[in-house]
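In what comes next, chain A is part of two complexes: it sits with chain B in the first one and with chain C in the second one.
Coming up: the complex of A and B.
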């Protein structure tokens, strides 16, 4: 064996094994993630109706069109508002759950599993349960039955926009699906806090809120930042439950329309308008990146913990 | 109609979310195109792959596979596609792995035609051309060239319970106002008067609302068709219906399924022809059918939307000529198979007049009325030049008009601007 190959293979064939283990994943990542992303960016500069190998270069035209498209802008605004609401609520709910479960004196594992279980449920299945049984608009839907006990008229939860009851359906479905997962992240964070810190705090006379405010929360900062970031990205990537709850006979209402659903209809439906679709996707990605960076800077993600 | 037929619709709706995306992935990356390998296939016969969406009725898949097998001049492999077929087919046409022959709702889209993705089939019809339903042929034709052959006609119509109407002392409504009054009168604490879909009619009444006012999506010369006070009036009626408390909303199934009607949740429902067998089973001879009524006694005409899956040939096919021959054989020459396809499984109208006359099931009762509506009041669901972007703009506007009560005149202006830009793009 020549010395070059020996050198390339590294000590104990370390490089070879590295390639064997990492290679397939990198290849998959390149083929299924990076190439499509780059291709999509390339497409966003072309007039690409019903083709992915367009020839008609339009420069920034698609971007201008998308930014001028009031439906796309309103979907972005809706989702900034949605994120501003859902991120803190899920954050507080999952933190609360984690604190409660962490303090449970018995059946801790049971509670942990019960709250985590919804995470294993598919968004599509959950939306169907929400749509067809809990928030069904007819008088025998679960919520309407409950309202009926108090003599309140049935409400068509997903059909009416005044008041916008559909948000209640969407938000509760999302909370139920997501809170358990972030609870687990918080639990892991809580269990890393050294008991001696609590003991020290107790000796110093700190109890209740003070412990939470000055000990638990600061110790959870790394976890909190990660949870916030994940929540935010998830909010902007919202698709499944919205699509399954609100789309009907080939159309999606103009309210509560996430950017991804809008792009799905524009680019992938019968429209097959890949130019505008890609431009919209790039704008959305930039927006998410911008917010994530801003948040990271603000909260200090990746900064060295002391 | 496009994508909606019989029981399969529910199953398909279930699959749309998950299946739609998966189908994209399959169509984009899969290697199994349903086409048997070119080499090694029997002798010199060309191999063709033919795509269908998943029809709901039992036996349909076996039927199309049987038809394909009986064709002697090529080895035809059928691919039956559950899930979001339109998106799957559209994206497969971009690749080399697409079908040779495929069906598409109301024929290929204008962008497929303009993009050269489908083949001109004008010369296949021959003498049979005059036998096909003219509105369907017109819908699948662009600039004098035919791009698909209609397989079977579907339509939507209003069904009502005769016994409930006569108990309330109401005549079948002939104008929108009468319909509104009837719906209100039929509403009790258990039963609602009318069901037009859980979105209050946004999905299916866009067309009927225009036709009933004597208008259309586009005018004859392909300019915007409903910048008109009658359209404003007609759309306002839909809002009135939505707020009347007589409309069933939030039902477990949507308009394309007869359950809301057969389970007694509503006295009238706008639904598809395909639901009639189930309705007949639930209420033997206790139901009647109507077209969507005209706006008022002086304006417009009754209307029903008519659509058809059309069989088209992929321009990227390696065997374009063999594919054209196969389509001609199946959808032009083999009349008995076309009749079988329309009649043996669900409830559809053959796309050819000579066959519609032969169809036994269509000779009496509500079905015979339905055939009459197609011939007298039928409108193609949407015009060929009504692009998906125009469709989205209109359904957004309908949503705001019907659900939020915004002013129809302003919304129509906004739709007009988008439609005109789209028409210009397509023409250019």
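Coming up: the complex of A and C.
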């Protein structure tokens, strides 16, 4: 037995063990991540309608078409508008909830659980509640009932093609789903602040806003950066609530199409235009990789702390 | 005097904070209430022009009607979702757990290169690759199959990354004690490392399960046939359809979130740990 293990400790056997442990994952990653991406890059240079083995090379044509396509550009604008709404509001809401829950002296766990619970909900279910109950465009919808108490006429929240009403529905749904998640991250950040810092601040006579402004917020800088980055990346990938709130009987309105919704209909819709769809995916991937890299130490990758 | 005033201000502050917390909690719970309320109401109650907090009667029969409705593949889609979520969770734990341990502990000349090869994919948001993934999986002939729904989701670079970081900080003394016994990597991993990492594994397991159960875009793309619908796709199809049976749709959604709500109540500790890990890796 012991001679066997001694032999297994040799360098060749270590390589073998590395292969056994890491190999399956790397193989899967190659097949299901790298190959599709490379294939997609290849497709993006071809005219590929309804085929994934095209022969008609078009060079950068698909990219030129995409960048010239006003629908594609407006999907990027839709993302920017969406991000401008959702990032600051969710950031403030989740930070506020974390500060309130953190300072609660009793029922702290209860409140934390309540605000965290929507994370269990899928975007589909949230869209269902928002579309058919809270923001139902008819008179019996909850919001319209509340407006009715003040003598305000019902609003057809999701069918008004002009902003801002559909934005209100989309943004509140996502906020409800996500605020608790980011609150947990802020709570973890708050718990890492040494109590001695607060004691020192109290001795100096600092209270309320001053403590928040000059102690708590600076100490939360790492958490805040991570939360902002995650909010931005998640907003970029928004699909579920747009699709479920706005599409009906297979039709999606021409407005309020964020990048993934645009891509979904461009590449997998009736045209099955994989060439243009792939070019769009490549452009979007480059954009988001730039954002992530621009944020610097994305998730602190590559630090080997041994 | 000043001290007394100060404590009165403190008390007012506490009251205000609790009022805000209570109002916030009510707003956050309201959508859940609406879900259950509408699920157990009649269509007339829901569409009644005067909004009621409580339905006039509780229609428990809505549940039986939902499962007996031949137009709605409710049971089938629940089973599909359960199979997918369980297999993906177990698969990710085994595949990423092994890979993370290998990267953290087994000396290999190109280990760093392999690690960068893996984390490079983290820069590419998974959702953006749905077009190329669809192209690949459909050419394998896996459209509307459980294979197509499950297998592409088994290789999670982020889970591998988290496992590696965790194993780097695993106490070496425990492993060295095992190594003296003559246990090789395989035995050390399964007999020493895994039993001593239950909390971390539970954290990764819960967030993987939640992500899998709630997944939408990939099942929408890859499973057009009713037989392969997950519960999210079934709900979405009826939500975006023209004719909607409101009580059935709401009771279906209630049933769809029930497993996760139960998980949140009983396993919250691990879910919170998982969220903290996935948000910021220290």
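Convention: the second predicted complex is superposed on the first by the 269 of 306 C-alpha atoms of A that agree within 3 Å, B and C clash if a C-alpha of one lies under 4 Å from a C-alpha of the other, contacts with A are read in each partner's own complex, and residues count from 1 in each chain.
Rule of thumb we're sticking to: a residue touches a chain if its C-beta (ideal position, glycine included) is under 8 Å from a C-beta of that chain, and two chains touch if they have at least 3 such contacts.
Small disclaimer: the values here were computed from a predicted structure and weren't measured.
Of the two partner chains placed by superposition, only chain C is touched by A:285; chain B is not.
Contact with chain B, but none with chain C, is seen for A:161 once the two complexes are overlaid on the shared chain. In the superposed model, A:200 makes contact with neither chain B nor chain C. After overlaying the two complexes on the shared chain, residue contacts for A:267 are found with chain C alone; chain B is out of touch. Of the two partner chains placed by superposition, only chain C is touched by A:142; chain B is not.
Judged by the touch definition given at the top, the superposed model places A:181 against chain C, while chain B stays out of reach.
In the superposed model, A:43 lies in contact with chain C only, and not with chain B.
By the document's definition of touching, both partners, chain B and chain C, reach A:122. Set against each other, chain B and chain C differ in how many residues of chain A they touch, and the higher count belongs to C. Common to the chain B and chain C interfaces on chain A are residues 52, 122-124, 127-128, 132, 138-139, 240, 243-244, 247-250, 268. Against chain A, the residues of chain B that register as touching in their complex are 2-4, 14, 16-18, 24, 86-87, 90-91, 93-94, 109, 111-112, 114-115, 117, 190, 197-200, 202-204, 248-252, 254-256, 265, 387-389, 391-393, 395-396, 399-400, 403-405.
Residues of chain C that touch chain A in their complex: 14, 17-18, 20-21, 24-25, 28-29, 31-32, 34-35, 38, 46-49, 51, 95-96, 98-99, 101-104, 106-108, 111-112, 114-119, 121-125, 127-136, 138-139, 151-152, 154-155, 157, 160-161, 165, 168-169, 182-186, 189, 210, 213-214, 216-217, 220-221, 232, 235-236, 239-242, 244, 246, 249-250, 253, 256-257, 260-261, 263-265, 268, 271-272, 275-276, 279-282.
Across the interface of their complex, chain C is touched by residues 1-2, 5, 8-9, 14-15, 17-18, 20-22, 24-26, 28-29, 31-37, 39-40, 43, 52, 97, 100-101, 103-105, 111, 113-134, 138-140, 142, 145, 176, 180-182, 184-185, 188-189, 222-223, 226-227, 230, 233, 236-237, 239-240, 243-244, 247-250, 260, 263-264, 267-268, 274, 277-278, 280-281, 284-285, 288-289, 292-293, 298-302, 304-306 of chain A. The residues of chain A lying in touch with chain B in their complex are 49-52, 71, 122-124, 127-128, 132, 135-139, 141, 154-162, 240, 243-244, 247-251, 253-255, 265-266, 268-273.
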